[in-house]
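Next up: some structures, all given as structure tokens.
Shared chain: chain A. Partners: chain B in the first complex, chain C in the second.
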Partner chain A sequence: MITDRALPASGWEVDRQRWERLTALWMIVMLALFPILLGLGAFMRIVQSHLLPTLLPEWFYAVMTLHGLGMVGTWFVGGMAAVSYIVARYVRPRPVISHIAFWATLLGVVLLLVTTLLGKFGVGWYFLYPLPFYPAGVWPTWATWTFLLALAVLGVGWTIWAVDLLYAIAQRYSLRVALGWPYIRSGTGPEIPPALPIVTVSLISALSGFLAAVIILVLSVLEWAGTGFSNDALLMKNLIFFFGHVLVNITMYLGVVLVYELLPHYAQRPWKMSRLVAIAWNTVLFLVLFAYAHHLYMDFVQPQWLQVLGQVSSYFISVPAAVVTIFSTLVLVFGAPMQWTLSSLLLYLGVMGWAIGGVAAVIDSTIAVNVRFHNTLWVPAHFHTYYLMGVVLMLLGFAAHFGREASKQPENGRLAKVIVTLLVIGGYGFLMMFYLGGAQSVPRRYAVYPDEVQQGVTYAQVSLAFIALLTTGVLLYLWETGRRYWHALRAST
Partner chain B sequence: MDPLSIFRLFVVIAAAVAAVFLGVGLSTRRQREYSPASGLRTAFFFSLSGILVTFLGVTLPRMPYPSDGEIPDRVIHVVGKQFAFAISENPIETDAQWEEIASFAPPVEIPAGRLIEFRVTSFDVNHGFSLYAPSGRLVAQTQAMPGYLNRLRVRLDEPGRYTILCLEFCGSAHHRMRGVIFVR
Partner chain C sequence: MARSSRLNVMRLGALWATLLIGSSLWAFAGEESVKSLPNEGRYLYRPVPDIPLRDVEGRPLWLSSLWKERPVLLTLIFTRCSGICSPLLRSLKSAVEVVGGLGSDYHIVVLSFDPRDTLSDMRELADHLELSGKRGWIFAVAAPEDIARVVKATGFWFVREESSQQYDHPAMVIGIREGRLLRFLVGGTVAPVRLNEVVRELRGEFVPAYPLPRPGKVIFRCAQYDPESGRWRPDWGFLLLLLPGVLTLFGTVWIFHRGRFFRDEGGPGEGNTRVS
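Right after this comes the complex of A and B.
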């Protein structure tokens, strides 16, 4: 890890053990939830393969809801926990806040399990208004209330977490400096870690997304409490997709923070703060507010200027990412005395997944193309690319790095290569079946494919072979990383 | 724009990205001096921006939204409701009308190659109104949203049976929600 810019020993060292224990706790939860949620995803593809013909579709949709919410939430909290650990070297967030977020997350997970598995609450991870209030006889009223409660609990826990981190950053650097504005103005400024503007941008964006979530919750409760108040479907749709898009985007950016911090360590080269880094991430802060609009292209009543702004923002948000982060990653690694470990391989491949998923996302964010791809399998194809093969690999890279640092155990290099090979072949093979399905107009979120799109069944069946490879890779990863955590735990007790 | 051609373009770009990452990864076998490669970065910035601006220029005029200058040859009314579409040449304004049309009305027939305006809305949750051609291709879509009327204008050139599938998740029988029209 980089230490020259870290807090004085009296600052970081005092809290080091506390942060390490807390981060280990978060990582263990993240790594425990991952295979379960992966299993739920595999279950969905098995159902779509028509291998479980007697299954009631409502179970598919309840599992779909749990899989989506679980994955989005798990990688967001994993990213926040990893970034908190890194940021705690420079600033002083309060561990107690991270603890509160941890317990709020666990409570939220329990409530989501109850509402989906006991209540069969199946609305998709984006709970598009007014579907939660139209159960069609499947889920009871209490399931909707439990879901709203889960959102409220998670929202409160995550909001105070983000606020605390932002406050800690502002206390040491001021937000102006943390966002790199002195670099934008004069090309130089106070020394800050290059990851700091990304963290700051991510947290500010997160708070804007959480604000949208609060408005959604309040409006939903107002309508449902029988006040006679009725919501506007287009407004709710804008709010929901703003919230969802921002949450997913910043999870990606939290993964990028890990690349900025850890990859230079393995490349033995510096990643310095510069005017370009500052401009790039401030541009992202602005564009991320409008990029969500590409989710509403097929709502023709949406003002047309907002549709155009959605495409322009979605296109140009890729420029700072590609020109600064992805390009800089390649320059950093090119000809470097690189230590290729499980961690560095995963971080590097995570950037590649981000780049490839970004290409697919830009294609889909083209309005004229979206009319053929909207809500087909192209959509899960592209977001699984930058999630599964992007931010997930980055976070698995961090978890491996953290486990190795904590346990001081040597790495099995051959096993690391086997793991990475399985993840890449299994992951991209699995994704390719989504892309092929999308290119052939197969709808997403279908428990059973009708005759017109029967090719979806074949793609689901083939994807099972790749899921098997992916799952093997994940289980080997968990074995390799899990034993390090076990050693570290035993050593600390 | 043909989805399969777009898919092929994506595969080529993705393979190029993977090749660059592989090449850079393999370059670490022989160490070189670190260089920020700022000249290359500037060229990359302008190339990427130029490509994106070009694509904006080519694709934005092809947006599927209706323009005021066009007058449709026929208007078809569509109302989604869990879990069926009612499709009619007459406005559908009540649940009773919806029930009657969704359950008993014969499929609407429209002339090939003429400009048709589908006026699409919903009586409950969001649905997705999508037209699948006889060949199985998705040719057009818009959302069916409660409280709003989306106008989808399209010319259907291929004669035959067009299947309408719901493309917005709407509940436990979402995958069974469908409709049909014939193009003659």
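Right after this comes the complex of A and C.
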């Protein structure tokens, strides 16, 4: 649990309890949403397996939108909540802001449920312009407005949250210290947790992404309010992928913060701040602003220099963040008296999943390859790898750690191994079907595969077996972790 | 943790789960009501079976012999129809007169799915609609097993109602190019504007799914591209791309500037805090 090694003890006990309650609340919501959203993903693969032949394809797209938005949002807020809890060891974010973010998230989720499940809004989580405004009779106009309102509510709540965390850091550290600049200059500096520069970089990047979302919303409302003004599709696509890519990237980085903070606890070795770590994450702060451009390789009107910048950024962003973290993780674990618990196993495997997904992403971000892989199943393959087998495992690792610390209950080691085995076999098997489909040019976002790519149906059918294993692993995890939360809640009364 | 907090946590969890599950059930419960309309997305680009037909003159011909000449608009009806068939054909006839191109750009095949319909029935229907001998219109019949193949491949369906001796069926016009289903028009009224889109697609033209912006109405263009010279230059909209990064930079500096009032200046690593 939170230690008071970094902050004055006075009044801290009250804060500690508030943060524990808040974090428990966020984790319970995250863990409750996960199986539901997983079910929506399974539903999509069932549709692609032709097991629901009478289902209208628009349901596939509505569910795809909810699944995508739900997963991206759930793991972002889970990451923010976990990082808030971690950061509260060193600085003082305000719990009330986290509460506001919680209620904004709740309201945003309700609006998203309404727009997708009742309005059949099916544009995908990236709501690419101008699709939301041309529903072709599939969804009503109110669904588009409700979606924009949901984005606005979530955006405001999350921006306030990110600003508050950043402000809390600013109240204790200068910008140059928070970003680890003294380490870059001289190799040494004030003793700061290595997670601090990552949190700072993530929050700054998040703000830029949210600002892009604000511009998108303003431009969308301007057009749709009947002003006669039309938007430029290229500008909107750039802004949307800037926002989307940054949001997904920083969710990943929030997961990495948990690895930096928690894995040393299990390795019984410190993870020290170093020049390499500082350089790596400062590079990320710069490159994350440009890497999104790899989403626009197929847009011939995009300036060529931006395409090249997209490829170069995509290549180099993986080196500092991923390679430094992966290398550091291996060094930390190698020869250490490692306690392999459910939490540490998931954190470690999360880093490895990030590595594997990162390689697949780099392959796809190569323009010459993207010509073939663009909009094939390779794309969901790679982002599911660094989500499902990356940040999701990291956050499940944190949730397990938090539950174990709160409940003080011993872990069932055998069950932990069964859970991890099921998650790994189920997860990678499921992903493999995406990769194989992508390598054979099976398109993504198809509810029903045409005859030319019937192998997509076979891969979808095989993936169902792996999804069953994965779901079993998730349910066992929820049972094992859920009962800890239950014990902790009971013990605290 | 206080008991009330525990209850609050549980209530909130229950609220989330109820909302998710409740909305899902409600949403899927309403699906049956729209099931009767064939969905274009499910059948697009699928091959249409090549079946033998007989036109009103009794001449045998294959569907493929028609689409090899030019694209085909296929509609399935029955001559004893007291419902949508005649209004659909009249609407199609009117729309074709507006859009044009029939016979030169495409054929229209009016095919009966009722096994009772004879060539004479079809001829009578064509006469009644004043379409006999009109260029491009082909009224035809086919064997029931062949009709079944077309029905399966296109999403069309029909159900006989014994009480009225009628068939329940959707009104559909199916665009076929080179043996593949290219577009659907569903509904008893064929709007010329929609038919025009289908005809343009049958011709192989690109038909945008949404109207392109009118000149001068896009004030924030990202870039201007000159196809003649191949040159690109940034436009005002490009500044909006830079805005998030620039604002974030200033915002971050401002946040840390404000935060300095809480920090111990010159303290070890500037890492101490005055928070009590």
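The rule is short, and it goes like this: the second predicted complex is superposed on the first by the 483 of 493 C-alpha atoms of A that agree within 3 Å, B and C clash if a C-alpha of one lies under 4 Å from a C-alpha of the other, contacts with A are read in each partner's own complex, and residues count from 1 in each chain.
Note that a residue touches a chain if its C-beta (ideal position, glycine included) is under 8 Å from a C-beta of that chain, and two chains touch if they have at least 3 such contacts.
Bear in mind the structure is a predicted one, so any value in this text is a computation, not a measurement.
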Superposed partners chain B and chain C on chain A - clash or fit: clash
First, second, both or neither for A:335, with chain B first and chain C second: first
Chain B versus chain C as contact partner of A:234, first or second or both or neither: both
First (chain B), second (chain C), both or neither touched by A:242: second
Touched partner set for A:448, first chain B, second chain C, both or neither: both
First, second, both or neither for A:212, with chain B first and chain C second: second
Contacts of A:178 with chain B and chain C, given as first, second, both or neither: second
Contacts of A:484 with chain B and chain C, given as first, second, both or neither: neither
Partner chain in contact with A:106 - chain B first, chain C second, else both or neither: second
First (chain B), second (chain C), both or neither touched by A:301: both
Common interface positions of chain A, toward chain B and toward chain C: 57-58, 130, 134, 136, 232, 234, 301, 304, 447-448, 450
In the complex, chain A residues that touch chain B: 57-58, 61, 122-124, 128, 130-131, 134-136, 138, 232-234, 237, 269, 276, 298-301, 304, 307-308, 311-312, 315-316, 318-319, 322-323, 327, 330-331, 333-338, 340, 348-349, 351-352, 355-356, 359-360, 362-363, 366-369, 371-376, 378, 435-436, 438-441, 443, 445-450, 452-453
Complex interface listing, chain B residues touching chain A: 1, 3-4, 6-7, 9-11, 13-14, 17-18, 20-21, 24-25, 27-28, 30-37, 41, 44-45, 48-49, 52, 55-56, 59-60, 62-66, 82-83, 124-126, 128, 130, 132, 136-138, 140-143, 145-152, 163, 165, 167-176, 178
Complex interface listing, chain C residues touching chain A: 1-3, 5-6, 8-9, 12-13, 15-17, 19-21, 23-24, 26-28, 31, 34-35, 39, 41-42, 44-47, 209-210, 213-214, 217-223, 225, 232, 234, 237-238, 240-241, 243-245, 247-248, 251-253, 255-256, 258-260, 262-263, 268-273, 275-276
Complex contacts: residues of chain A adjacent to chain C: 7-8, 10-11, 17, 20-21, 24-25, 28-29, 32-33, 36, 54-59, 62, 91-92, 106, 109-110, 113-114, 117-118, 120, 130, 133-134, 136, 163, 166-167, 169-175, 177-178, 182, 189-192, 204-205, 207-209, 211-212, 215, 219, 228-232, 234-235, 238-239, 242, 289, 301-304, 447-448, 450-451, 488-490, 492-493
